[in-house]
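Each of the two complexes below includes chain A, the first together with chain B, the second together with chain C.
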Partner chain A sequence: MAAADPSVTAPSAPARKRRGLALPSGGLPKNVNRALVVAALVFAVVLPLFFDPSSGFINDCVLALAYVVMALGLNVVVGFAGLLDLGYVAFYAVGAYSVGWFASTFYSDADFHVGVTSFVEQLPGVHLNFFIVVFLAMFLCALAGMLIGLPTLRLRGDYIAIVTLAFGEIIYRFAVNGDEIHLFGKNYPLTAGQQGIGPLDKPKLPFMKEPLSALQLRPWYWIALGMVVIALLAVVAVRDSRLGRAWIAIREDEIAAASMGVPLVKTKLLAYAMGAALGGMAGSFLGFFATTVNANSFKFSFSIFVLSMIILGGLGSIWGVVLGAVALTFINYSLIPDVLNGVPGKIGLDFQLDQLSFGIFGFLLVIGMVLKPEGLLPERRRKIELTEGIGADEALEAPRT
Partner chain B sequence: MAFLEVDDIHTYYGNIEALKGVSLKVEEGEIVTLIGSNGAGKSTTLRSISGLTPIRTGAIRFEGQDISKTAPQKIVALGISQSPEGRKCFQRMTVRENLDLGAYLRSDKPGIAEDMDRIFDLFPRLKEREKQKAGTMSGGEQQMLAIGRALMSKPRLLLLDEPSMGIAPILVDRIYETVVEINKQGMTILLVEQNANYALGVSNRGYVLETGAVALSDASENLRTNPDVQKAYLGT
Partner chain C sequence: MGIPAPRPDLATTEAPTTPAAARPKRTNDAIRELLSKWGLLIGLAALPVYFGIHDLTGSQGDLSRLGENMVRGLSNGSIWALIAIGYTLVYGIIELINFAHGDVFMIGAFTAFSFTGTIGLTLVTGPLGLVFGLFLTLIITMMVTGSLNVMIERVAYRPLRGAPKLAPLITAVGFSFILQNVGLLWRGGSQKSVPDLIKHNDEVVNLLGVPINNGDVLAIGVTIPLVIVLTAFITRSKVGKAMRATAQDPDAARLQGINVDTTISLTFLIGGMMAGAAGLIYALYQTSVSFNMGFQAGLIAFTAAVMGGIGNLKGAVLGGLVIGVIQELADNRIGGQWVSAVVFGYLIMIMIFRPQGLIGEQTREAG
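Here is the complex of A and B:
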């Protein structure tokens, strides 16, 4: 490797600096940075007021925010801890099915209601309050995350990817065939297969008279935004903590991390658990938002979709991941199906553009990797890795005296 | 009771028996060295002591306590720290961040700061490079960092794996001076080295490993003058 001149080291920030939610632009003073973050938040809060409450744009915004939470979760596992998880759809599934199980008439033999409207109280089935369902989903996903993580603990790199890929597929098969799986008796199937579970209860917030509806999307938007803020704060706090440093240490060198006393098993499982919990939070929200849970939503392509977001945005970089998630959501749900869908027809080709969605994502990733391999808003460390190729030949480096 | 006692350990990589009954002792305050050729099992012995590659049979006792089934992080907490083979510095972290990770299991901030200063005194070069990424430093500097990082856990037994590997001779001299200095301050050291000249020069006692077993053990002075050792390992 080209010996780097030590004198040209980037002027690094004070040691032990907490990066917080600083934007990755680096050079900006702290106050400017803070002001930018606050401005972005204010902009995000007031944005829906300028659009029709049932408009397609707000609908896409809600999805984008939910996907931001998803992507932040996957970023903990892949970006921070360096464990390539290709089965992230599992947590979307468990999160969404939590809504099916605990907030619908699906288990109509049961009669269990906690914190729901008087209308829902008259319905048969298990009906829990929106927030309880979200917490349950997060908890179940964290458990599932650790279960999926366990067999990968001794594996590295590509092998983790293969095992998690298989788990994602197993979960999908369970979802599809779940109508024939009865764990707690004949009337309690695991899923409704491809028929789907629905309708799901409409969430009702404590300070609102009516439950949320598909015609008034602003409250959905604000709930999703709240989730994004919670997820951002949690992810930033953990990244800057001891645990966050342990994840990066494991990503850099597992043996060295273990020699320093980083407990590998616990640290990796916590990464899986946290990533999964965020996936469950977003998954349950998407379940409520879609008003039905259908097994067909839980395909492998979903994992790749979320993975593309974090790779495009910049693995490990929090703002990059946010940007990647928003960008890909709008490309997938708005740009391709609404804006550009007819283009091939207009130039005389016999297909619609949304049939090519994944081809387009692949193309974008390739373009991204060529033009900006570290992602749109790269993480500091990752940037070094890709631009200098450090670490490939550490032992053979020519000694300098 | 020896400070560290390795008692007839057998360690496997899959089906391959890397250690075929290694026994050795380290007393408090000593520098003990393990020499031997490539593949003799030197590094595996250190990895077994650290718990990184658990032994299959035998026993490892640290101050009388059996640690052969103990998890690596608990072994670090008990006071055994390793500077691994090939240094394994966190390449994309700064020198300071690397040292911070060495203190991963500690929470006494003043003590950590004090030890950090002590390491910067031992290796002034690291102080100069404090904010530099480890991966941009020379092999010798990274070796200093690896030793410093191992010291940050405040060990009572320091395991050093091949500190001279791939390093310019002038820096090896510096590193070995520091190893002696650390030992004088009271640190017990178990040193694995292919470069037997250096190792036997600084150590009190030595073990010669051959194909996974101890072939010879004696005071370092005697090993240096032993004709067999000279022929096989000292290149004279």
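Here is the complex of A and C:
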């Protein structure tokens, strides 16, 4: 922070305009900060080389990276624009179903292939290239995001939460009962309901001979890492742009923002669209990775899972969100089922801990919030807001100490 | 009157949020005004009217099936109304969507189910013993859920009173998960069937071809007295006055010597007790309980509270009954698997046409 005297500056004006991808490290010089970011990236790239290519750890890492993209997307909507979205699972669903629709034998009456391997060419159904599917998923999700955003434009706060939650539930219902819906003729149901759509095509990258498989997880990891880097760069670029500042203005005070000339409708819809597009990107990737699309994965608890990541990490803070996503993924997929699962049995209780994973998860949410309501790595602006009034000056001093 | 919309100083009657409000009126605005006035009512009437005409012109020939749907709907709706009261009171006083409330209701149903077993109520218990036993169960259930709700407030919401609004929402969701797992550990993962103590399908009277069953009598017979007592308590008693004052402006209430913390605890106590009563009715009326029923019940009840106008007691009851009828119509006519889609479709419609609810005042949230 460059401002000299905290008592002179207004309590909510960070002096630096472009923060880029700087780590929340306090007062480190710019170059050190840059080096740290590069080091973190290099570490992330070489990490899978130290583990067995089909190990559970790499599997969890792939999931964690996909969830980072999800969380970054939701952070745009909730953290930047302040629109509490409780139906984020909708974009996971749309993203994953895009894979089911456009890269499987699900619509076996159709015969449409673009840029797929010679083996897949022989299969009936719609089969598009991995990248085309991901872009389609992002596009569809952005559309869906704006559609869901429309009725919330006049609303604020909790009411937005409820409308988005309702949309999430409706989409879940459509996913579960979609086998009854035939929009384009008898053999084209919307979804396969509880049965799930599968198997999905295995993505094949241009420079690789074989398509990806579940045994060789490293390429999956690097694709996911690439998506995270793209998402990070996109989110940072937009945050530091005019649009990002407009989002923050709306979050802080909608009426003031509108009277300063921020176009509310456009700005809010763009937030929904961008958040949804990132959700669709991660959703389609998770669909490919899981090799089936099952309607039961699109429950409300998924929305809460992603929301918890960004809130535990620190709303609006990019590195906090990354940390939150990685931490919660490992807690959910590794710590609870693998490490803690045997504990009740050992102390003589008659249940498996993985039955209770969401209970433990809920417990962690409560503890985390009560102890640190601003999140693990809070955004500076929010931290100041939280302590404003009781001691705004100390809050401004805090990062230095 | 119920608990009024929070903070009248901020509850702008003419919200300057949309630029459209500042422009001179155009046909567009006139249509919008008309829609916001009548759109919701038309939407609400659409289902019964459609099925009424369908019955009259079709093979049915009379309205008895629709009437039966209505009666079942109202009974179900009284359950939602009781839960919705908890949502609306809590929202009115601390502006929090208490996501754990649905699961408090679930715990209530489990308590009622277990307690009737403990005190030995069976299918052969005589009517006097049954009435007494159920009354005792009702009291116990209400005590359990009421104190559970107070405990949740103490642990999860009170420490976060100064924190951003999202924080208590997250702890609420966390507690919802915790309670679900408590239910899971308590009664296992499968649906449990409750002994049909009151023989809920036995007919009491037949009104113009519409049978009124034991279950309906229980639902209405528990709900109406509770709502009357509660309304009287909130409008007449001194504590009720304190609750309304706290809902309007906590700081001013504190200046008047009202203990805001106690008042909030009391609000949670009342909300939890209502959820417990709803749980008892649900267990006996639907004769099956499961650990994950609270989530959807909570969402439906919240829809009811929003429909009536959140923060408004009468609105919550009205909304509950309306949602009950919609739900029953959807269940009986469209198909059980679509019920929540229909209910949430209505929720979105309310939000578009009339965010302040059927009889609610405009709040600052609903702009």
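As a working rule, the second predicted complex is superposed on the first by the 373 of 401 C-alpha atoms of A that agree within 3 Å, B and C clash if a C-alpha of one lies under 4 Å from a C-alpha of the other, contacts with A are read in each partner's own complex, and residues count from 1 in each chain.
Everything that follows uses one rule, which is that a residue touches a chain if its C-beta (ideal position, glycine included) is under 8 Å from a C-beta of that chain, and two chains touch if they have at least 3 such contacts.
Since the structure is predicted, the reported quantities are computational estimates derived from the model, not experimental observations.
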item	value
Which superposed partner A:Val163 touches (first chain B, second chain C, both, neither)	second
Which superposed partner A:Leu356 touches (first chain B, second chain C, both, neither)	second
First, second, both or neither for A:Met369, with chain B first and chain C second	second
First, second, both or neither for A:Arg154, with chain B first and chain C second	second
Which superposed partner A:Met260 touches (first chain B, second chain C, both, neither)	first
Which of chain B and chain C A:Phe300 touches, first, second, both or neither	second
Larger contact residue set on chain A - chain B or chain C	C
First (chain B), second (chain C), both or neither touched by A:Glu210	neither
Chain A residues contacted in one complex by chain B, in the other by chain C	255, 258, 264, 385
Residues of chain A touching chain B in the complex	4, 6, 9, 12, 15-16, 242, 245-246, 248-249, 252-253, 255-264, 381, 384-385, 388, 390-391, 394-401
Parts of chain B lying in touch with chain A, wherever the complex brings them together	50, 52, 71-73, 76-77, 81-84, 86-94, 96-97, 100-102, 104-105, 129-133, 135-140, 142, 149-150, 153, 165-168, 170-171
Chain C to chain A touching residues, read off their complex	16-19, 91, 95, 97, 155-156, 159-160, 163-171, 173-178, 180-182, 184-185, 189, 295, 299, 302-303, 306, 337-338, 340-341, 344-345, 347-348, 351-352, 355, 364-367
Footprint of chain C on chain A - complex, ascending	78, 84, 151-159, 161-163, 165-167, 169-170, 173-174, 176-177, 254-255, 258, 264, 300-301, 304, 307-308, 311, 315, 351, 355-356, 358-366, 369-370, 373-374, 382, 385-386
